[in-house]
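Two complexes come next, and they have one chain in common, chain A, joined by chain B in the first and chain C in the second.
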Partner chain A sequence: MAALTPAGPMAPMTPPAIAAEPGGKAGRPRRIRVWRGVVLLVAAVYFLVPLIASFTFTVKDSSKGFTLDAYGQILSAEGFGKSLLLSLGLGVATIVVVLLLTLPAMLAVRLGLPKLKPILEILCTLPLVVPPITFVAGITTILQWGPDHLADTPFFQTIIAAQNPDFPVVLVLAYVILALPFVYRALDAGLGALDARTLVEAARNLGASWPHLLFRVIVPNLRSALASASFLTLALVLGEFTIASLLHYQTFPVWIYTISGSQAQVSVAVSVFSLLITWLLLLALSSAGARQRSGS
Partner chain B sequence: MTVQSPVHTAPAAAGGGSRPKKSKSWLATVPLLAFVVLVFGVPLVIILGGTFSREGTLSAANVTDSLQGAYLTALLGSVKLSALVAVVGALLGTFLAQAVVTSRFRLLREAVLTASGVLSNFGGIPLAFAWIATLGNSGVVTSALGLDSAGWSLYNFWGLALVYLYFSIPLMVVVVVPALDGLRPQWREAAQNNGANTWQYWRHVGIPVLTPTLLGGVVLLFGGAFAAYATAAAMVGGTVPLVTLQIANALSGNVLIGHENVALALSLDMIVVAGLVMAVYLPLQRRSARWLR
Partner chain C sequence: MNGAKVELRGLRRNFSGTTALDGLDLTIEPGELIALLGPSGCGKTTALRCVAGFEQPDEGAVLVDGSDITRVPANRRDAGMVFQSYSLFPNLSIRENVAFGLRVRKVAAAKRHARAQELLELIGLPQIGERYPHQLSGGQQQRVALARALALEPRVLLLDEPLSALDAKVRVTLREEIRRLQLSLGITTIFVTHDQEEALSMADRVAVLRAGRLEQVADPATLYDRPATAFVAEFVGTMNRIPGKLSGRTVTVLGQDLPVEGDVPATSDVEVLVRPETVIVTPDPSSEAMILVSSFRGSTSRLRVQLGDLEMLADVPGHDTVRLAPGTRVRVELVERPVLVSASSDVAAAVPVPEHDVV
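Entry: the complex of A and B
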């Protein structure tokens, strides 16, 4: 610009309309840039301050100033390992059950039963409409009512076995329902990007059996969709509080809540820690998805 | 030429083979359908049946109970809080998304989108504790700014709204970014060529195209805030009337003898409210899907 201004004769030659245009354009982006900067700054403050503050909360010490003791105490806190293992076990069981239920069904619908697709979609979306707390209200009622009325039937034993505190199957059943909408959407996107019919027909013509086809052809091609469904399910189970606490099981979030009364710093430290784990899980997921996209 | 003949027979073979396959594909859907009906359907039927029975007889007393006094206050409190969070969260989320989408820095965009994906899943107990450590009575920011002497408290309606926005705004960003990306620059250029200013462009082109997505986002945010229990339970206990806290209370036995089914009636109220709101969302999502391509 500085080099151009001395060329005096050029200025009058530019038509006023064009001269006004760059001026207007320069003015608007600057206003937008300021506006955008303010929005981003406010957002950064709102979203980062609680994260930084919770970390500060866990490391500040009235006498020493800075200490990582709270994080050291996590491992030795009573019930930490047991509740975390319980939550991880429930997560793995939920992933296995939900994938075994949805994948064959969705594949079959895509291949030969397109009429069933809307029904499946509605069934798998319904759990979003029903808040978990109402779901658990129904479950508790069954669990209380069952033993009174089914005492002489095999159902009684089943209901008792499902409530085993070491591994509450009833939670797995509930979590499968909660995870259905997310798993359905992830797998639906994955199957949509796949020419499932061609793959299936090719494999069948080459003599592959159905289990072989499912595990050696479909599953490897759906790797990223399956991974995303599994990660989302795991994150859901690791964070689920409502159902576990109202059914009185000591899963990981329930344990954090229980210790908060006596060890506030440790409970916040665990919260920060669990956020970091979720963050890493989802980061791994999104980078895997990006690699898949750039690869194909 | 000889190679072509097996290719020609292949579709026929596949067509013939698809008949027995069809009966098999029916079977593959049975476990899922049976599971959903049994594990999800039966509790819903129990809620419905329990709501309309008191001490073994058919009665609407539970519904009437659940719609008066403290229960009604709680239901309205939940609706108010969720509506506030949904509208404010949708507005702020859209502004943030627009700021990110129009930015030239790819890295900023990726970072905000990834962070939004993570934070929209950040809920429950850890969220409550992070905010208690920040703005609670002995929180870091509270003591640093001396807010406690100024009468600040996180443990009320507005504090809860502030905390709920922490996962609602990122969720809105996730929902609205694809739609903002779908606003083609050509539309803006066409509007400008026809003499429209920025306001007119948004009023007549941008907002109408975005409306289904925006309303869908509001509904999604409403549902999330309406169903939230863990955060509220850890933060405010019983001081803010919310229907989820009342249900938990009733399930834990804090009800009059013989009125245990009020928890089920409250659950039914919640499902009806959430269902009505979600019923708006599903057709809208289908409409907005057109713009997301």
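Entry: the complex of A and C
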């Protein structure tokens, strides 16, 4: 991706370059190649330097020189498994909820109420402009206000259960909102590439009920859009710190932060480790997407 | 398999201000292929979608074999449909696409595969069952869509401009094929098209729609030869409008007296509607009429003839083209037969706007 982006700024630069060189034919590809190399290098430096620095920090030991001890300690570190599982669980729950909310809504708007599309788009993009800290302040206020006013109603139990530290549903709700813009974009692109109306009508015409056509026609044809929506959501949940920390839940990023106070090397090692996991997920996803494209 | 009788009764449909259907009444006989023809926005597709159940009329009813299906959901109707855009499910193989409806009805796998194969043979593509839609040409995709629509043995077949995305040659072969299948299956078919040639060549009857209302419904020959209204006359085929003087039921045009057919307007200044093939053109150096343009079409040639400040179109046999080159002085006559007239319009040009015969 990084290597492709310069095409824009570069394009206006090349014509004068050709004009300046009479033997332009051979000069142009070489110049482009050089530019590409430069841009790639800049991008690589930008991305790789912090990574290499982190990695060096985790394997450097004043007495032994090179050691992978920090990585060995990850598994034995207290709270690692629990917080990672919590974050993964939250991620999966968020994906399920956000997809169940957005996919039918977007389909309904696209098929039946196209006029509402701008409104849905604005609603789904809004979370991008609300800073997480504002968001947390709101949630905290509600959580404090709730028990006082709902003490006599059945909602009291609900609001307490939603804050269960073993699986804080309130975080799932918050993450669903944070994930909306990304999920909306991914699904909108997927639906745009699909002639959803015709497919739906063809399936209806052949006797398919709404659930049947949703799961047999729409979902299979949106596979890569759904996969990228899910991946973005998972990445978001695995990396979200502000809300979880301020509401005092021990999710994975919060745990990394906590442990960095006592075991700096381990915390950085965990970060590098989680980055690797994220990369692997991304690779798996993009290769799945490529397979689907070549297959259909 | 046989067709059902379809009745549209007083269908009305408004789309936020624009009227798509304005009291449409039409009865389609069992086993008949009827073409709904009209300019875009005339309501033909809306009418079809009311039969398919994708559109609810504001007023009126759709009856199939006498039972009212107006409020029956689309997935419970007994009508197969082929769409204008390619509608095969991209994630399913051709066989699975054809068998989709059977699968929805929970027909056993072996049985539905056999049926799918049978249908693929019917459309002349028996070997493509394992392929996927993107591996097929447009014409093949529309054939498969037809097979898929027929898989459930519906009693009504709805075709929503299924050929308009295809190139000319495929379009002609495919429309013959659709007609052949429709005749052998005896299935009642409603075919929406804006292509008059398609409508005239395929349909048992053609219904011409205009602004949500039925203008005329008749068999193709009647529609072409005896259009009920000036709109039909000009929409179906090409028409010359030549000024004439009306007296009683006779009109004097180009020095000839011809009987008038159909409605007679109140004024005596009328325009006579004449098909290009009923204009006779013979070389005559002493005449004031002159050929402006000649476009050769193989079996025929279309001439643009100027007579005073009037221009008209004439179709002559292709072999006469040499004799009737542009610049030739000609005598213009009309075939002696009853003609349609309409009150003079303010339209300056007597010739309908030529579409394709600009050389």
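Note that the second predicted complex is superposed on the first by the 237 of 296 C-alpha atoms of A that agree within 3 Å, B and C clash if a C-alpha of one lies under 4 Å from a C-alpha of the other, contacts with A are read in each partner's own complex, and residues count from 1 in each chain.
By definition in this document, contacts are C-beta pairs under 8 Å (C-beta built on N, C-alpha and C of every residue); 3 or more make two chains touch, one makes a residue touch a chain.
Here the structure is a predicted model, which is why all the values come from computation and not from measurement.
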Legend entry - Touched partner set for A:Ile133, first chain B, second chain C, both or neither: first
Inset, instruction - State whether A:Val217 touches chain B only (first), chain C only (second), both chains, or neither. - result: second
Inset, instruction - Could you look at A:Gly207 and tell me whether it touches chain B, chain C, both or neither (first, second, both, neither)? - result: second
Inset, instruction - Would you check which partner chain A:Leu199 touches, where first means chain B only, second means chain C only, and both and neither mean what they say? - result: second
Inset, instruction - Kindly classify A:Ala53 by the partners it touches after superposition: chain B alone (first), chain C alone (second), both, or neither? - result: first
Inset, instruction - Could you tell me if A:Trp279 is touching chain B, chain C, both of them or neither one (first, second, both, neither)? - result: first
Legend entry - More chain A residues in contact - chain B or chain C: B
Inset, instruction - Please write out, lowest number first, the residues of chain A touched by both chain B and chain C across the two complexes. - result: 201, 204-205
Legend entry - Residues of chain A defined as touching chain C within the complex: 194-195, 198-199, 201-209, 212, 217, 220-221, 223, 295-296
Legend entry - Contacting residues of chain C [partner chain A, same complex]: 52-54, 73-77, 79-81, 83, 85-91, 100-101, 104-105, 132, 134, 145, 148-149, 151-152
Inset, instruction - Write out the stretch or stretches of chain B touching chain A in their complex. - result: 10, 13-14, 17-18, 21-22, 24-29, 31-33, 35-36, 39-40, 42-44, 46-47, 50, 95-96, 99-100, 102-103, 108, 114-115, 117-119, 121-127, 129-135, 139-141, 166, 169-170, 198, 223, 226-227, 229-230, 233-234, 244, 247-248, 251-252, 263-264, 266-268, 270-271, 274-275, 278, 282
Legend entry - Complex contacts: residues of chain A adjacent to chain B: 28, 32, 35-36, 39-40, 43, 46-47, 49-51, 53-54, 56-58, 60, 100-102, 104-105, 107-109, 111-113, 116, 120, 123-142, 145, 173-174, 176-177, 180, 201, 204-205, 210, 235, 239-242, 245-246, 253, 256-257, 260, 267-268, 270-272, 274-275, 278-279, 282-283, 286
